[in-house]
Each structure stands twice: as structure tokens, then as C-alpha cells.
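The two complexes that follow have subunit A in common; it is paired with subunit B in the first and with subunit C in the second.
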Partner chain A sequence: MFLLPAAVFLGLFSLYPLVQLVRMAVSQVTAATLNADWVLTGLDNVRRGFETGQTGPAISRTLVFVVVVTVLGMLVGFGAAIALRTTGRWSAWLLALMVFVWALPPVVNGSVWKFLLNDAGLLNTVLLSTGLRDTPVPFLYDQHWALFSVAFVNAFAVIPFNTLVFRAALMTIDPEVFEAAQLDGASKWQQIRHIMVPSVRPTTLVLLILTLVYGFRSFDFIYVMTYGGPGTATNTLPFLGYLQAFVRYDYGLGAATSALAVVGVLVLAVVYARSIKREEADG
Partner chain B sequence: MNARRSSLIALAAAGALGLTACSGGTSAGGGGATSDGEGGGDGVVTVWHYFSDPNQVALMDAYQEKFEAEHDATVENVYVPYDQMNSKLVSAAGAGTGPDVVVFNGAEAATLALAGALAPLDEQWDGFADADQLPDSVLHRVDGTLYAVQGYVNLLGLWYNQDILDEIGVEPPTTMDELEDAMAAATDAGYGGITLSGLPQSQGEWQAYPWISDAGFDYENLDADALASGFERVRGWVDDGWLTQEAVTWDQTVPFQQFAAGRTAFAQNGNWQIGTAESDADFAYGVVPLPLGSTGGVYLGGEGQAIGAHADDPDLAWDYLQSTYLDVEGQELAPDLVGSIPSRADTAQADVVTGNDLLDPFARTIADFGASYPSPAIPPAAVADVQLTVGQAWSAVIGGQQSPRDAADQAVAALTGQIG
Partner chain C sequence: MSVKAGPLAVAAKVLLTGMYGVPILWILLTSVKSSDDVFDPGRTFLFRPVTTAYVEALDGDLLRALLQSVTIATCATALVLVIAIPAAYGLARTRGWLPTAALGLLIVLQMMPQTATVIPLFQAFSGWRLLDTTAAVVLADAALLTPFATLLLRPFFRAVPPQIEEASSIDGAGVLRTFWSVVLPVARNGVATVGTLTFLLAWGEFLYAVNFYLTPGQYPLSALLAQQVSAFGINWPGLMALAVLTSIPILVVFSSTYRLLRDGLTVGAVK
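Let's turn to the complex of A and B:
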């Protein structure tokens, strides 16, 4: 009985849209037929996506994007958590700042970064004035730089969250463990390697999967910063799905592309669920 | 380390991450009208528009004041971001709701009409006394049914910075060679050559069309060589340093802001920037028609005005259109506030138009290069596809993702399937 509200909520806002997405992905749905009966076309939409030559490259870009977001998000997040492990005014102030960054809407965050990364933005101004570069770095308008720049900003947005979670995990380590290690002559690096990393391993696993999922479905920063450009250089699966469904009004094609992204997220969700189960069994 | 505690931390993380991911959405807000709501209307005309430029917003406010002064009703202007306008209209129509009046990119009338988001206007139009004042080119019909009208026309011209041209000793260009010579001289003097938009969507296609049509490309023949030739010219401007590659991240507003900052000789931009130029540019400036050849075309665009398919009081919505966009005094507000060219034949001859030196080059462009937007060769259902395809190719060329040749070949292959 107590499960009912949660079940209804899940059914309405998760299962129903998912079922509709799959239905749409296997049907011919355009602006003209969206509000009418959908004609079943099987896997035709998926085939069309690959035939147009857009889906394949979008998958590759999505994977690159996810790797950059995940590696940066995890490593920098963990590093910042170690640096902010202490309690004090500075760490409290920095943590508050991080929560602020994390809470910023992606549209605002992305617009600020777009401003910072343009030719006359802060980063290029510093690089040019210090003589490190002769010409501005084409952060958002070169096909290779653009993908990495948007992935970096995506990682920047997830770092505060990862830091907070890692820090919470680090704070549970008994201070006596560190004191004992220091008495034994362990260096800072050894403390990180042999105490902190093993201690946060369960947190790391679930956080890794969450960050992967976060990277996999990233859309808003691309929308704000590059609109998928230059050309199609930052068209990842979620953005390609958006273009197909909401710009070209080929809802069936867009749903098929989005369904591919959902499959990727689902695989990670299964891994996540299994890791949680294993942790609980171990605990 | 307590594993269960770690899991709890991670679970909290999951919830929080989900919240972050959901925070980016925006909503058009209230103001939607329901077809089965209050029946005979609520005395409020809800108008959806996508204007963020202060001068364009001022025009919406002026129309609101005019209508409210003339009628016992109120107007609620609701801003919807450009990129979200169509999807919000389509989904609202599916839910049996939507605005009373919608001001949208006229080129997308067919898309919205086919989606059932717009109400037919034939009945109202037949009873409109001044219908003969508006040319067919500003009436948007789909399969013979009228769905939208345009109260004004917008198009592109070549803005120039007179101070820079004086400094480098050149006259405003009238040919492509003169334009390229002037851009070269401006760049040598330390200025930018030209600003335009290379965004990979419909705005990019709108900006690309004059240059690719000048090279001989059109949507009837789909000549890949001509398209490649047009692309090569503009890519050459990037290679020569006359046009920044950064243009691929700019919508049409940003390049004009760059021009208004006074460091660029030319801007390919529209008549709707007249108000912005007056308020932001502290240098002498002017406009000439884009220096195109005999095949060159400049789209006659602008916003279409329509009544929402689920307007709660279509009659009041029609009164609003008659009192603002279709009215002589209402149309005179557009050139005054944003520099748009009125669509009524009588208003186009008013002093507010003929006495404006900046509007004259645009009026000449209409006569010399005016092209229907979208091209009649594109089937209504394929308009959005075509615009995205060419916009992406345009962006890929300016951004260096593809060579002009590859971009043209790929685009023509896609267009052949879309246009048939």
C-alpha cells in the first residue's frame, strides 16, 4: 500500500514516456501525424538514421564526450574532495561556492562559458596577453576543440557534485587511521593510495556509473554553446535526437536515435543496480 | 569504511544528479488558452512571440497598448525562445491548447499548419475590407488554405561602417569584387571584414542563400557545383581573415552587435537592426543592397501572424491582428521601431518608409533580388529538413569541418531525397 504512490509516480513519469518513446521509434511520426494514429514501420527509423550517415558519427562523438566528462569529473572531483577534506573557513567557503556552481541552471552556466571561451573571452585574453598563443584558441568553432570544450564544461558542472559526494565519503574515515599512518611514516601520496582510494571504492563505483549516465544524456550545454556545430561536429546522440524530432519534426527518427541513447543508459543502470546489490550484500 | 553508508551517499547523489539534469528546461509559462476552458473567451489575447531584442519587444508592447486602447480587452505577450516555438506550438496543439495569436517565423507556416497548430483564416480574410492591400507573397497558404499573414517584410542587406570606409578610402560596394577589395583593405587596416551568422540551423540557411544563389544554386536544379562555388567564396573569406570562423557560434543578433562595436567594416544583416544601430553604434553607418549578380536572391522573410488552432476567442484574436499588424497605423509602427518594411501597399508609400535612407536600400533589394521564403520548389513538409541540411553545410564550411566541395556534395545528396 505504501508503495502505491511511488509506483504510480514511476508509471506515469518514467514507464509511460519510455513506452511511448519505443512506440514512436518504431512508427512513422511527423508533425502532421503526431496527433493522429501512428503507422508502424518496425526498425525503419533506425535504418534511416544509419543510412543518412548521422547516427554512426553521433555514437562516436557521444563516446568521446562521455569519456572526457567521466575522466575529468571523477579525477578532479576526487582531487578536490581530498583538498577540501579539512574543516575550516576556506574549505567551507569553497564548498559553498561549489554548491552554487552545481546549482546553476545549465543554460546560465553554458552561456557564461560560451562568453569565457570566445575569441575576446577571458581565457583567450589571458593566453594572448601572456604570449602563450599568437592567435585565439578556437574553443567553440573548430570541429575538434568544440567537442572537447563542451565536454570540459559538462565535466566542470558535475565536478562540484562529485566533490561533495567524495568528500562525504572521505569524512567517514576515522582520523586515527591517518594518525597511525603518519606515525608509520606514510607520505601524503601513500595515504591517498592506500587509505583514501580503498575507503571510497564503493562510492567511486556508483558515482562512476552516475557520471557516465550524466555524460551520456548531456544535451543542454551543447544546445547553448554550439548548437551541434560547427556543422555537425558536436552532434551527440541526445542532440541529434533533438534535431530530428524538434527541428526536422521527424519524431519517429528522433525517437529511434533517443532510444539508442536510452539503451546505453539502461546498460549502465543495470550495472549500477547490480553494484548497489553487491555493496548491500557485502555490507 | 561502511559500505552501506557509501551506498546511501551514492543514492543521495543519484537523486541530486537527477534534479540537476532536470533544471535546464524552460517553459512558455502561463497564458495558454484551452479550447474547452471558459468557452466564449476571457477577454485576454495571449500572443506568443520569440523576440528578445529590446526594439522588437517595444513593438510588441506598442501593439499591446494600441489594441488595449481600442478594445475592451487585454493583451498578454508571452516570450517563447525561437528554437522552442514550433515544438511548443505543436505539443500544445496536441493537448488542445495554445495561444490566441502566434507570431512566428513565416517560413515555418507550413510545418505548423500541417501539425494542426494554426487556425484557417480564409473566413476572416474574405471579410477583410483591406485584403487587396496585401500582396500574395505575404500570405501563407497551405494546400489552398490561408493560415498566416505578414504585417511586414524583413530581409538582408549589407551594412557598412562609413568611418572605416572613409579611413581606407573606398565607397560602399556595389559589386562582389568591390566588396572583397574593401574587406581586404579593412583587414589590412586592422579591422574585421564582415560579420554574419554561420549557425547550423535555419538562420544559417537564411544567411547563406544570397551567396549560394549568387553562385547559381537554387532549389529547383540542386546544382552541386554551384553550391560548392558559393561555399568556396565564403570559405575564402575565412581563409583570408575577412570573416571570423567564430561566426558558426553566432545567431543573427551577435554579428550585428559585433558590427555595432565599430571594429568591422561590413555586416550581412537585416532591416530589423535599424533600431539597434541607432541605439548602439556610435559611428557613421549605412546600408547598400548585397552586391549580388543576376542569379542572386535575398529571401523576403519576416514573422507570420496567425490565430492559434485552439484560441479561446478567435474573433478577438482576429480583432487584434486587424488592429495591429494589418492596420495602417499599426504597420507604421514597425518601420519606426524596428525598421521593418510594411506589407500593405499604401503603408509602404508612407513617409515613415520613403523618408528613411536606411530603408531605401532594402526596398531596392526587394525589387532587384527579392526571393520567396521558403522557395516554392521545396515541398511544405520538407522545409524544416532543407533549412537544417543547408544550415549545417554552411556551418561546416565556415567552421572548417568539411571542404566546400564535400559539404556541397553531401548537402545536395540529402536535398535530393528531401525535395525529390
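Let's turn to the complex of A and C:
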């Protein structure tokens, strides 16, 4: 009875659209036929996506993007959590600042980074004045730099959350464990390696999948900072689907590309559900 | 637990402070610069502050966008809570294949790329003649955030001891009454956390707004900002002023709920 409103609402606005997405993916749908009967074309859209050389590169870009976001997000998040375990005003303020930045709309964070990464922006000004570079780094205007720049900003946006979660997990460790380790002469590094890493392992698994998914479905920073460009350099799978549908008005093709992204998400969801289940069984 | 910071931890904190402090500082500095000073390295900190960008930004359009943002975020949050609270409670109290399947479905829905849902929703709303209405954006936002809200709320309801519910039903209270006057007050922290997060996310959402409104005149702040930042020849001070104005409500919500967020966010991921 308590589930009924959710079931009706999500059925109408989440599940029905997904069914429609699949139907559109196997049909020919353009702006003119959006609300008319669709011609069934089977896997033609998917094939067209691959043959025109759009889908393949988009998949590899998505993988690079996800790997950069996940590696940075997890490692820096864990490192920051260790650094912010300390009590004191600075740690408390810094944590609050980071969570505030995390809570800001992605458009705001994306805008300011677009500004900082500009040819005449802060980063390039510093690089030029210290003599590390003779010419500005084209962070957002270069085929190769752009994907990494946007992935970095995505990681920047997810690090505070990961820090918060890792920090909460570290706080559950009994302080006596550290005291005992110190008495035994364990170094800081050994404490991290042998006490902290093992004790956050269950958390790490859940967080890893959340970060993977976050990187995978990300589009807002791409939209704000590069809009998929330069050329197609930051067209990840989800963003390519969006462009195909709403810029080129080829809804069928866009739906097919997005359906591929949905399949990717389904795989991650299964892994996630299994790790959650294991944790609930343990706890 | 008191831990002393070593030199490495201090270095990490300096780096993080710069990484998260500088962007905020730069938004504020740039928003009070004149266009000529923006990219002049000699005037990074020493410049004559002007309020031109704010004066230009603060017009009727901005107020309309602000009103749209408030309407969308408030309605979406209310709708999400009305749907997600009973669902989370139901899922926390029942066992069996149905709740398990429902949980799996919610996880999948929570992970859906928004770019994938915007395409069929656009088609559905155009069929239902809801395009260009605020209702479309509110419904889409609520559908986007309900799975997440339900999943985050569930552990809060599971933490409510079943004994107090039994006591209440022995006293003769029905299921609904027990839920309303016993369970909900105990889980109020969870409801506040989830409500805050939903509001923040709905406030920042722009993809649905950009696509479901057919004219920029109806855009909320986030969509206005997204539109201006992806335009050619960006007016940086104006953009940053808009970013500041978009963020002020976030600051207000954030500073009154930070403790809740800090402790409540990790409930789902840490046991």
C-alpha cells in the first residue's frame, strides 16, 4: 500500500519512457514523425551509429573519461579523508568548504573551471609566468586535452562526496588500534596500508561503483565546458546520444546511442546490487 | 579521536584548500570586475571593484528565472517526498521477492543517464501537450530524483526500532497513524537530509529545463546559466554574477543543513 504512489508515478514517468526509448531506438524517428507512427527499422540505427564512426570512438572516450574520473575521485578522495581525519578548525572548515562546492550546481562549477582553464585564465597565467610553458595550454580547445580537462573537473566535483564517505568509514576505526600500532613502531604509511585500507574495503566497493556510474552518466560538465567539442573530442556515449537527438533531430539514432549507454549502466547496476546484498547479509 | 596532522597531511590540506577555495574566490572576484580587468594579470587582486555585472544582471528576466527556480525546486522536492517517504518506509518494513525486485529496479533507475531519459520524456510530454510547461520540468525532475530519495531514506526508516511501532499498535493506533505520529518523527533527520539534497539537485538541474521549455524566457537560473556559458563570446563578469546569484540560495540551504548533510549523506554507503 505504501509503495503504490511510487509504483504508479515511476511507472508513468520512468519506466514508460524507457520502453519508449527502446521503441525509438529500433525505429526511424525524426522531428517530423516524433508524434506520428514510427517505421520499424530494427537495429538499423545502431548499425548506422557504428558505420558512421560515431559510436565506436564515443565508447572509447567514455571509457577513458570514466577511468580518469574514477581513479582521481577514489585516490584523492581517500587521501583527503586521511588528511581531514585530524581534529581542528582548519579540517572542519575545509571539509565544509568541499561539501559546499559539491552542493553547488554543476553549471556553477563548470562555468568557473571554464574560466580558470581559459587561454588567459588563472592556470595558464601561472604556467606562463613561471616559465613552465611558452604558449598557453589549450585545455579546452585541443583534441586530447579537452577530454582530460573535463574529466578532471568531474573528479573535482565528486571528490568531496568520496572524502566524506571515506572519512566516515575511517572514523569508525577504534582509536586504540592506532595507539597500539604506534607503540609497535608502525609508520604512518604502514598504518594506512595495514589498518585504514582494509577497514574501508566494504565502503570502497560501494563507492567505487557509485563513482563509476557518476563518471559514466556525466553530461553536465561536458555540456557547460565543451558541448562535446572541439569537433567530437568530448562526445561520450550519453552526450553523443543527446546531440544526435536534440541538435540533429535524429531521435531514433539518439535513442539507439542512449540505449547502448543504458546497457552499460545495467551492467554496473547488477554489480552494485550484488555488492550491496553481500554487505546487507554481512551487517 | 584526536589525530595530529603530519607534514604530508598539512601539504594535502594546503593543496585541497587551494583547489576548492580558489574557484569560489575567483567567482566572487570576477563578478565585481569590469570586462577590461578580467584577463589582466596585473589586476588579479588590485582592481577597482564595480557592480556593473550585478546591476546588468538584476532585471526582470532574472527575477522571473529566480521565481522559476524556486517553483521548480520546491514543487519537485514536495512531490518527491510525498512519493518517496511511504515507499521507503514500505521497503524498510517488508521482506520477500517483491521488495527485493523493487529495490533492484530503483537502483537501476537511479543510475539511468539523464541524457537517455530526456529523449523519450520529450516525446511523451509533446504527446501529452505538456511541453513548455513548468509541470513537465517538475514531473521529470521528480521522476529523476525519486529513486535516489527512496534509496537514501530507507536506512533511516530501518533504524526506527520496530518495538515502538508494536507499542503504538497495542495502544490501538492504526498503521497510518503509527506511521504518521510515531515513525515519521523518529526518522525526521533522514527526511530533512533527503529533502535538502533533493532541493539542491532540483535547483541545479538544467537539461530538462533547457529542452522542455521552448523559450529561454521561462528558464530557471540553472538553465539560464547553462545557456550563457555555452554561448560564444562570454561576458565573464556577467556570467560570474549570475553564478553568484544562483549559488546564494544554495549557501543559505547549505549553512542551515550542513551538519545533517555531513552525517546523513554517508548513511547509505557506510554501516
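Rule of thumb we're sticking to: the second predicted complex is superposed on the first by the 278 of 283 C-alpha atoms of A that agree within 3 Å, B and C clash if a C-alpha of one lies under 4 Å from a C-alpha of the other, contacts with A are read in each partner's own complex, and residues count from 1 in each chain.
Going forward, contacts are C-beta pairs under 8 Å (C-beta built on N, C-alpha and C of every residue); 3 or more make two chains touch, one makes a residue touch a chain.
Predicted model, so just to flag it, every value in this text is computed and none were measured.
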item	value
Overlay on subunit A: subunit C relative to subunit B, clash or fit	clash
Which superposed partner A:W90 touches (first subunit B, second subunit C, both, neither)	second
Contacts of A:M24 with subunit B and subunit C, given as first, second, both or neither	second
Partner chain in contact with A:L140 - subunit B first, subunit C second, else both or neither	first
Which partner, subunit B or subunit C, touches more subunit A residues	C
Subunit B versus subunit C as contact partner of A:G228, first or second or both or neither	first
Touching partner for A:L207 - first (subunit B), second (subunit C), both, neither	both
Contacts of A:G215 with subunit B and subunit C, given as first, second, both or neither	neither
Which superposed partner A:P105 touches (first subunit B, second subunit C, both, neither)	both
Touched partner set for A:L3, first subunit B, second subunit C, both or neither	second
Partner chain in contact with A:T52 - subunit B first, subunit C second, else both or neither	first
Single subunit C stretch clashing with subunit B - from 41-49, 59-67, 203-211 or 239-247	203-211
Residues of subunit A contacting subunit B in one complex and subunit C in the other	34-35, 103, 105-107, 114, 118, 161, 165, 168-169, 172, 202-203, 206-207, 210, 213, 217, 219-220, 223, 227, 246, 276, 279, 283
In the complex, subunit A residues that touch subunit B	30-32, 34-35, 52, 102-103, 105-107, 114, 118-119, 138, 140-143, 146, 157-158, 161, 165, 168-169, 172-173, 198-203, 206-207, 210, 213-214, 217, 219-220, 223, 225-233, 243, 246-250, 276, 279-280, 282-283
Parts of subunit B lying in touch with subunit A, wherever the complex brings them together	1-7, 9-14, 16-17, 20-21, 23-24, 26, 83-84, 86-87, 90, 93-94, 111-112, 114-116, 198-201, 244-249, 381, 384-385, 388, 392-393, 395-402, 407, 414
Contacting residues of subunit C [partner subunit A, same complex]	1-6, 8-9, 12-13, 16-17, 19-24, 26-27, 30, 39, 41, 44, 82-84, 86-87, 89-91, 102-104, 107-109, 111-124, 126-127, 139-140, 142-143, 146-147, 150, 179, 200, 203-204, 206-207, 211, 222, 225-226, 229-230, 236, 239-240, 243, 246-247, 250-251, 253-254, 258, 261-263, 265-266, 269-271
Subunit A residues touching subunit C - in the complex, by the definition given at the top	1-3, 5-7, 9-10, 13-14, 16-18, 20-21, 24, 29, 34-35, 79-80, 82-88, 90-91, 94-101, 103-116, 118, 120-122, 125, 129, 156, 160-161, 164-165, 168-169, 171-172, 175, 178, 188, 202-203, 206-207, 210, 213, 216-217, 219-220, 223-224, 227, 238-239, 241-242, 245-246, 251, 254-255, 258-259, 261-262, 265-266, 268-269, 272-273, 276, 279, 283
